[in-house]
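There are structures below to look over.
The following pair of complexes shares a single chain, subunit A, combined with subunit B in the former and subunit C in the latter.
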Partner chain A sequence: MVIKMDIVFSDEVKKAIEGKGLKVDDIKKVIEGAEASNDKITNGSKFIAKKVLGDVTVYADYSVGGSITVNSGYAHKMKLQDIVMDTADSEWTYVKNGKKIRKGHTNLSFMGATRSAPSLVDPASGESWLEEYLAAKTIAVAEMLFSQKRA
Partner chain B sequence: MEKIGETSALCPVCLKTIKATKVAENDKVYIVKECPEHGKWKVQIWSGSEHYKYLYEFAAVQKPPQKFAVKEMKDCPQDCGLCNEHKQQTCLNVVEVTNLCNMNCPICFATANGCGYKYHPSLDEIKKMFQTVVDNVKSPRVVQLSGGEPTIRDDLPEIIKMAKDMGIEHIEVNTNALRISEDMEYLKALADAGMDSFYFQFDGIDDNIYLQTRGRPMFDVKKKAIENCGIVGVGVTLVVTVSPNINLDHVGKIIEFAGLNVPTVKGVHFQPITYFGRYPIEPTDKDRVTLPDLANAIEKQTMGMLKADNFLPTSCSNVHCDMKSLSIVMEDGSLFPLTTMALGPPVKTDDIADKTRTEVSKFWRFIEETMDGPSGSEDKTWRSFISRAKTHYLTVSAMAFQDVWTGEVERWERCCIHMVTPDGKLIPFCLFNCTAADGRTIYRRKAFCGN
Partner chain C sequence: MRVRGFIMGYEELFPKNDLSGWHANAVKRFASPFVDNFHDRIDVDPIILSNAAVNCGFTIRDFYEKPELGIHCVGYISELYDLLPVTHWFFSLPWVRELGITLEYKDTLPPVPTGPILDANGVENMQPISKQDLLKGSTVPLFYGLYDYVQKNLGHTLVPISYGFDLVGAAAELIGVEEFIMWTFTEPDLAHKLVDSYVATSINGAEAMADKYGFAMLIVGSVLANNDIFADEQVEEFSAKKMGYYVDQCFRRGAGPQVFYHLCGNHETDYKVFKKNLLWSPFNVLHIGYQGPKVFPSDLLKKEFQDVTTCMGSVDTKLMINANPAKVYDQAKESLLAGRDSKKGFILGTSCETPPYTIPGNLLALTRAARDFGTYGTW
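Moving on to the complex of A and B:
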């Protein structure tokens, strides 16, 4: 049984999410989906969950107490593909299967090009997650460069 | 025959201002003009009439200069200086520091060898021209030192330092590369003085071409000079005069060469040949290359790696004056173009002169700021793609200078590339160099030798 908790966004977090061109409602969708399916990773103090909405993979970074507090939301347009390698244990655990998440590299493809980027991976399920610093920086710039190409 | 527009132009014989119309015929655009005394001319200026018309949508909301030397213009382009009617402020200031040269090229239009007078301004006279730039042009100010051959001056480092001290932010030096291929100390002195880059004459990667254009083999000299620039860390733009009879079929190879020489080589700038100087026989359309012809040749010769569609007008001067592309050069030497006509006309085109001046640098600064994550030298990652983008990029651009046959007021009055004259004027670069069919100049001789 799923207990529906309130999802709380501070004004600051809300502004940051909207500033990235994301909708607060989409972040809610990601969290609701993750809470219902346990498809999320945790480091003991908070969770990261992702969901593909249209062409975009949207991430929610949130904490659960009396209610759900959203720490951040971010997204990338690149599609996560296969895991290229995993190198070391991370502080994260995949709630869905209880496995330890590893640090690794995952292929990301966008507009016909595939290159890798550092990621959090679960080799057992083949799932990968991008951390925010990467999605918001390197990957965002690469997406911008590629979108300029468009042709 | 469809009429596209009306403008004014010059009579190639008497240099008077005459009425001109632009017409489309068989998918080509022509300028048609008639002098009551000297006859009628019809000269091709573009290939693809729909494309010609569509480009007007890329035109910028222009910013007239804040200051002008000629208060009451009666007859453009005869009262140039700039005048109160000029429509675009300056992006690039060209300052000629000599008309002497250490070569004697058959196609040169600027040197003393061909024009019969010497022009070699003193430091004070050069200072005055820099002052004209500082007084008339908003920051960031870009000056190209030109000639003749600027590097014949041993005091060039001093000149560069003077410009920087006066508040000119960016200095490029136009050169045939001869001296910098052999005089490392001089090159270092230029770099130390604050020179930013070279505007580097480059006609091809084949000495047969240099024999025709420069009268001697030059390819080894060019390679050596590029190598030297790499050592001192000075960027180079290869400037290619394109002639249908000489090197139009080499543009692909030139781009390939440029790609292999990034990051020292920053760009290739093509200049379709213009006819300045004395021409007893009028050049025909077959002796010319329009910008679309050039873009198509590039697409064909690069096997579609760089397409005609990757070129956009900078929208800074006139949309029919120039075109530009920006690509990342990938690990295998191939180009990854970032610009395309598919982006459509710019939404906000006002203040475009400012934009072109800072836009590209802003773009790369943005990339730089996003590069502060943990570093990695891994190949085939998105990170290495971005770091490559930062250093291994290539602009391929072109400007179609106008001569007395192709020139029109519609373009001159929007020009943003200005020659600085010793008497404090700014004159559209290609207008300044225009000559009548018999070699008489409209501005150059008057400005530099006083008669």
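Moving on to the complex of A and C:
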């Protein structure tokens, strides 16, 4: 049985999410999907979940107490592909299979090119996640450069 | 600059680049290896620095003492040899002045330190320089001024770059290179503290660059830490791991995503410790200078690293001052044939900065070889 919890966004978080061109409803969809399937990673104090919505991969960073509190939301356009390598343990665990998440690199494809980027990976399932600082900064600039250079 | 009694800006010394012809084509070619949009031929990057000034009639000292003049020489002369459409200007010791070192300009060399400034006690008490203090120092204002000049006069070549450069080598200058090498055996904790302080300062500097320009390409290398001096384990602990940390922290502060990894000197066996320790972004280039006394083979470079980075092959810099362009051409051909089908692209380079007095015929030989053999795979 899935108990549905309230999903709470502070005004500040809501503003930040909308400032990135994302919808609050999209973040809710990511969380609802993750809570129903356990498809999420945790470091013991919070969770990160992802879902492909249209052309972007949307992430929710949230904590669970009496309700679900959203810490942030972010996204990237580059598509996650295969894991290139894993190099060290991280503080994260994949809730779905209980495996320790590793730091590593994952191939990302965008506009016909495939390049790797640092990521969190689960070699057992082949799943990868990008942390917020990478998606919001490094990968966002990379997407802009790809668009310029492919033009 | 005063020429015959008139004050001139450096920009008045140079005709404008051919923007619609040479530069437009070079831009498309430069993008090729990063976005799989193959164009023209494999690019050539002989890491041209003071050679550009010499080629324009100035001196090595001019190049380093007058950064705006130096970078304009690079932008101008790149057209002659059909090189990269972007400019760079640097020397190997950024951030050390803020940490207390005095640099002295020389007629035939990049700026060199006047001597070490710290002892063990000084290193124990050493603190990284904050971003706020770097903004008031010499390196950030130098690069802000330089890129302001490029934006105004060479905007078509602008790529803001932040240099960590040789994290171990620059830190070692603070206590003296020989002393540092000794410390890695006798006082490893202090040696780590020294390098970590330099790394933290460099990260703060990268953030200052990213704050102003929105992003900043990173150039970071392993020069002093190579197999002529250290075993693989030491290269990993003192250099590779700290390079990875530097890039990760720079990414967190908004610098990157472009990274140029420059492994200068002999990386005969230590090349194996870099892949797992470095961060590989969608836009990075890895360059390794030598394997023992020979240039690092492009086939090995490709085999080890092509799944994570664009590879940059090498022609021995010693050949660039040898009166034998055919030898340069032959080594360039060998490198191109071995590396040109690298999965994430290939660039032809020299094993380090091309020497100031590089023979023009040898630079032409590099480009000629790239035109003759620099196709991507069977393309």
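One rule holds in what follows: the second predicted complex is superposed on the first by the 147 of 151 C-alpha atoms of A that agree within 3 Å, B and C clash if a C-alpha of one lies under 4 Å from a C-alpha of the other, contacts with A are read in each partner's own complex, and residues count from 1 in each chain.
In this text, a residue touches a chain if its C-beta (ideal position, glycine included) is under 8 Å from a C-beta of that chain, and two chains touch if they have at least 3 such contacts.
Just so it is clear, the model here is predicted, and its values are computed rather than measured.
Asks: Looking at the combined model built on subunit A, do subunit B and subunit C fit side by side or clash?
Replies: Here the two partners, once superposed via subunit A, clash with each other.
Asks: Mind working out whether A:R115 is in touch with subunit B, subunit C, both or neither, as first, second, both or neither?
Replies: In the superposition, A:R115 contacts both subunit B and subunit C.
Asks: More residues of subunit A are touched by which partner: subunit B or subunit C?
Replies: Of the two chains, more subunit A residues are contacted by C.
Asks: Is A:V141 touching anything from subunit B or subunit C once the two structures are fitted on A? First, second, both or neither.
Replies: Both subunit B and subunit C are touched by A:V141.
Asks: Does the superposition put A:I17 against subunit B (first), subunit C (second), both, or neither?
Replies: A:I17: touches no partner chain.
Asks: A:L130 contacts which: subunit B (first), subunit C (second), both, neither?
Replies: Once the two structures are laid over each other on A, A:L130 reaches no partner at all.
Asks: Quick one: classify A:M85 as touching subunit B (first), subunit C (second), both or neither.
Replies: After superposing on A, A:M85 lies in contact with subunit C but is clear of subunit B.
Asks: With subunit C in view, single out which of the stretches 42-50, 276-284 or 384-392 of subunit B clashes with it after superposition.
Replies: Superposition on chain A puts subunit C right on top of 384-392.
Asks: Overlap the subunit B and subunit C contact sets on subunit A and report the shared residues.
Replies: On subunit A, the residues that contact subunit B in one structure and subunit C in the other are 78, 105, 108, 115-118, 133-134, 137-139, 141-142, 145, 149-150.
Asks: Can you list the residues on subunit A that touch subunit C in the complex?
Replies: 78, 84-85, 87, 105, 108, 110-118, 133-134, 137-139, 141-142, 145-146, 149-150
Asks: Could you pull out which subunit C residues touch subunit A in their complex?
Replies: 31, 34-37, 214-215, 248, 251-252, 254, 256-258, 275-277, 279-283, 307-309, 344
Asks: Quick one: in the complex, what on subunit B touches subunit A?
Replies: Going by the criterion above, the answer is residues 307, 309-310, 328, 336-340, 342-343, 366-367, 370-374, 376, 378, 380-386, 389.
Asks: Quick check on the complex: what are the subunit A residues that touch subunit B?
Replies: Of all residues in subunit A, those touching subunit B are 78, 105, 108, 115-118, 133-134, 137-142, 145, 148-151.
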